[in-house]
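Labels run A, B and C following the written order; every chain starts at residue 1.
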Amino acid sequence: MIEDFDRLTVTSLSRHYGRRKALSKVTFSCSSGDIAGLLGPNGAGKSTLLAILGTLLAPSEGGVRYGDVTAEAGGAGLRARIGMLGHDLFLYPELTAHENLTFFGRLYGVPDAASRAGAALARAGLGERAHDAVSGFSRGMRQRVALERALLHQPRLLLLDEPFTGLDQASTAALVARLKEEQGRGVLTVLATHDLDVVDGLLTRELFLRNGRLMEVGVGEGSLRERYRAAIATA
Amino acid sequence: MSRLNQIELALAGAMLAVSPWIINAAPYESTMGLVQKIFYYHMPSAWLFLIAALVAGVSSAIFLFGRKPTADAWALAAAEMAVVFGIITLVTGPLWARKAWGIWWVWDARLTSSLILWMIFVAYLLLRRYGGPGSDKLGAGMALFGLANVPFIFVSVNVWRTLHPQTSVVPTLPVQMGGPLWFCVFAFLLLFLALLSMRARLQQQRVRIEQLYLAEDEA
Amino acid sequence: MSNFLRVAVLVVRKDLMVEARSLEVVSTTLFFALTVVLVFAFGLVREGRPVDDVAAAILWIATAFSGTLALGRTFERERQADTLRALMLAPADRPAIYAGKLVGMLLLMGLVELVLVPLIGLLFQAPIFDHPLHLAALLVAGTTGFAAVGTLFAAMLVRARSRDVMLPILLYPITVPVMIAGVRGTAALFQARPDEALAQFWIALLVFFDVVFVTLALWTFEPVMTE
C-alpha cells in the first residue's frame, strides 16, 4: 500500500497503435482537490488517456507520476488507490448490484465488503434493486452502480469516462454533489465528458483534447461551451 | 544489405551450387542407395529448423521479460526461418520416404514431431498477421510455449511411435558421409544466418519507419 | 501467498455464481460434447463394432473440442462489460486471477468428463471401472495441461482480432503431447490386456507437462496481458 499522493504529473505522454496516433506529447498536472475535465470530440484520445492514467495501458513515450511514484514502481499498491468508471462499466450483468460491489470490494481488500456494498447502494438510491441482476437495469442505473464500484475502496485518484451518460436530472445532480464531496476529501478526479453544460463550474482544470493533442489548459471567462468552441476552432 | 550478409549469401550460394557434385562423390548408403542422398539437404534443414525455433523462443522470452523491443524483430525473423526450413524438412522427408518405402508419410517419430513444431510456428505467423494490434506480445507468449513444448513433443511422439513398426528416416552414419554432410550443414548455416539477420533488420526498419511517420506527423 | 489464494478463490466463486445464474456455458458445452461423441462414432464404428482404441480417442477429442468452445465462451463473457480489464485494474496479484480462471475451467471440464466417461463406457463397452484410479489420474492430469494452456491463450486473445479461430489454431498444436498422452494412456487401460505400466508412464509425462506449463503460464500471464 503506497502513501496517498497529492499530485498527478503527466509528462510528454504519447501512445500510438502502429501508424495511428492516439495521444501525442500530452503534458499536464493536477493536484489533490482538482477536478480535471478531459474535453474533446470522439476519437480525441480521452479514453486512451484515462486508460494510461489507470495503469491499464502503457504509454509509447513519456510517463505519469503519482506523487513521486511511477506506474511501474507503484504496482498493486498504486492500483489500490485508483478508482475507475470505464466506458463499458465493468459490471457482471448476470450478478446483482450487491454481488458486483461485494466481489469488487473484496478484490480490493475492502474490509466488511458486503455491508459497505449495501450502504453504498442505499446511498445511491438503489437500495430496493440491490438484489436484482444488473442486466435488468437501465444504462443510468448501471452507471450509478458502476460509480459506487469505483468509489467503494475510497480511491485517491478517480477516473471517470463519460459518467453523465444516461443520467437523469436528479442522478446528475447527485453525481455532481458526490464529486464535490470527494473533492473535499482531497481526491484527484479526472473525467472525460461531452456534457459541457453539466460540468461548467464543476471543473477546476479544463483540458481540451483533439487528435491526441492537448489544446489548452485553463479556466477562463465565458461559459465552458464558448471556451471549448474557441479552443477547437484554433486547432 | 550489409557486407557480412553479402559474403554469407555469396558463399552459401556458391557452396550450394557445388553441393550436388560433392554429394555425388559421397559413398552410397548400403540399404537405400541413391535415394538416401536427399538426406544431405534434409538433415541440415532439420537442424536449422530446430535452431530457428530455439532463437524464436529465446528472443520471445527476452522480448516479454526483458522488454527489449528489438528482440521481437529477431523472434519474428526466426519464426519465419523456422517455417521455411520446416517446409524444406517436411518436403524432403516424404520424398525420401516415398522412394525408399513406397508411401509418402510413414509417421516417423522425428518427422511427425517436426510437423507439430512447424505448425506451432505457422500458427505464430498467423497470429502476428491476423491478430490485430498487440499481437507481438501474444505471439511472444505463443513462441515461448512452443519452445518449452519441444521436449514433450519429442518424447510423446517417440513413445507413441515405438508401439508401431519402426521405420526411421534417419539411419546412423558411416564416417565417409561426414564430409559432404558438414559441407551442406555449413552452406545452409550461412544461408540461415544471412536470411535471419536480413529479415530481422527489415523488421526493425519497418518499426523505425512507423516511428518516423509518427514523428513527422507531429512536426 | 494467502493473498494469492484469497484472490483466486474470489475469482472462482464469482465465476461459479455467474454461471449458476443461467447455466448457459455448462449446458451448451455438455450438449456439444455429446454431439462430438455421436459424430465421431458414426465415422469410426463399422458394422456395429468399434475400431480399436476408438473409445479413448473419442473421449479425449470430445473433451478437447468442448473445452475449446467453453474457453471461448467464458472469456467472451469477460469481454462484454470489459470486466477482464476491471480484474487487471484491481490491486490483486495478476497470476492469482489466472489461477482462479484456471480452476473454474477445470471444474467445468471435469463436469463434462463426468458425463462423457460413463457415456463412452456405455456406447463402446469400455472398461471404465477396471482401473478407476489410473483413469482418473489421466483425466485430471491431462485436463489440467489442456486447461492451463487454454486459459492463458484465451485470456491473451480477448482483445485480439479473429479470436474465435485463433484459439484452436494456437491451442491444438501446443497441446498435442497432452492429447497423445491422454489417448494412448486411456487406450492402454481400455485394451484387452491393459498395460498399467504404460499408463503410468503417460500419467507421469502429463504431470510433468502440467508443472512446466502452469508455471510458465503464471509467469507469462502478467507480461502478456498488459498492453
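Here is the rule we go by: a residue touches a chain if its C-beta (ideal position, glycine included) is under 8 Å from a C-beta of that chain, and two chains touch if they have at least 3 such contacts.
Keep in mind the model is a prediction, meaning the values are calculated, not measured.
Trainee: Central chain, going by Cα centroids?
Mentor: C
Trainee: What's the farthest chain from chain B if centres are computed as the mean of the Cα atoms?
Mentor: A
Trainee: Distance-wise, how many Å sit between the C-alpha centres of chain A and chain C, to the nearest whole number?
Mentor: Chain centres of chain A and chain C, defined by C-alpha means, are spaced 38 Å apart.
Trainee: Just curious, how far off is chain C from chain B if you go by their C-alpha centres, in Å?
Mentor: 31
Trainee: Rounded to the nearest whole Å, what is the centre-to-centre distance of chain A and chain B, using the mean of the C-alpha atoms as each centre?
Mentor: Distance between chain centres, rounded to whole Å: 49 Å.
Trainee: Give the residues of chain C that touch two or more other chains, as numbers and ranges in rising order.
Mentor: 227
Trainee: By the touch rule stated above, which residues of chain A touch at least two different other chains?
Mentor: Counting only residues that touch two or more other chains, chain A contributes none.
Trainee: Could you say which residues in chain B touch two or more other chains, in rising order?
Mentor: none
Trainee: Mind listing the chain A positions that touch chain B in their complex?
Mentor: Chain A residues touching chain B: 16-19, 21, 24-25.
Trainee: Going by the contact rule at the top, pick out the chain B residues touching chain C in the complex.
Mentor: Residue positions touching the partner: 64-65, 67, 116, 119-120, 123, 126-127, 130-132, 134-135, 137-138, 140-142, 144-146, 148-149, 152-153, 155-157, 159-160, 163.
Trainee: Which residues, counting only chain C, touch chain B once they are in their complex?
Mentor: 149, 152-153, 156-157, 159-162, 166, 169-170, 173-174, 176-177, 180-181, 184, 201, 205, 208-209, 212-213, 216, 219-220, 223-224, 227
Trainee: Using the touch definition up top, name the residues of chain B that touch chain A in the complex.
Mentor: Residues 133, 210, 213-214, 217-218 of chain B touch chain A in their complex.
Trainee: Mind pulling up the chain A residues that touch chain C in the complex?
Mentor: Residues 54-58, 76-77, 79-80, 82, 84, 86-95, 99, 103-104, 106-109, 133 of chain A touch chain C in their complex.
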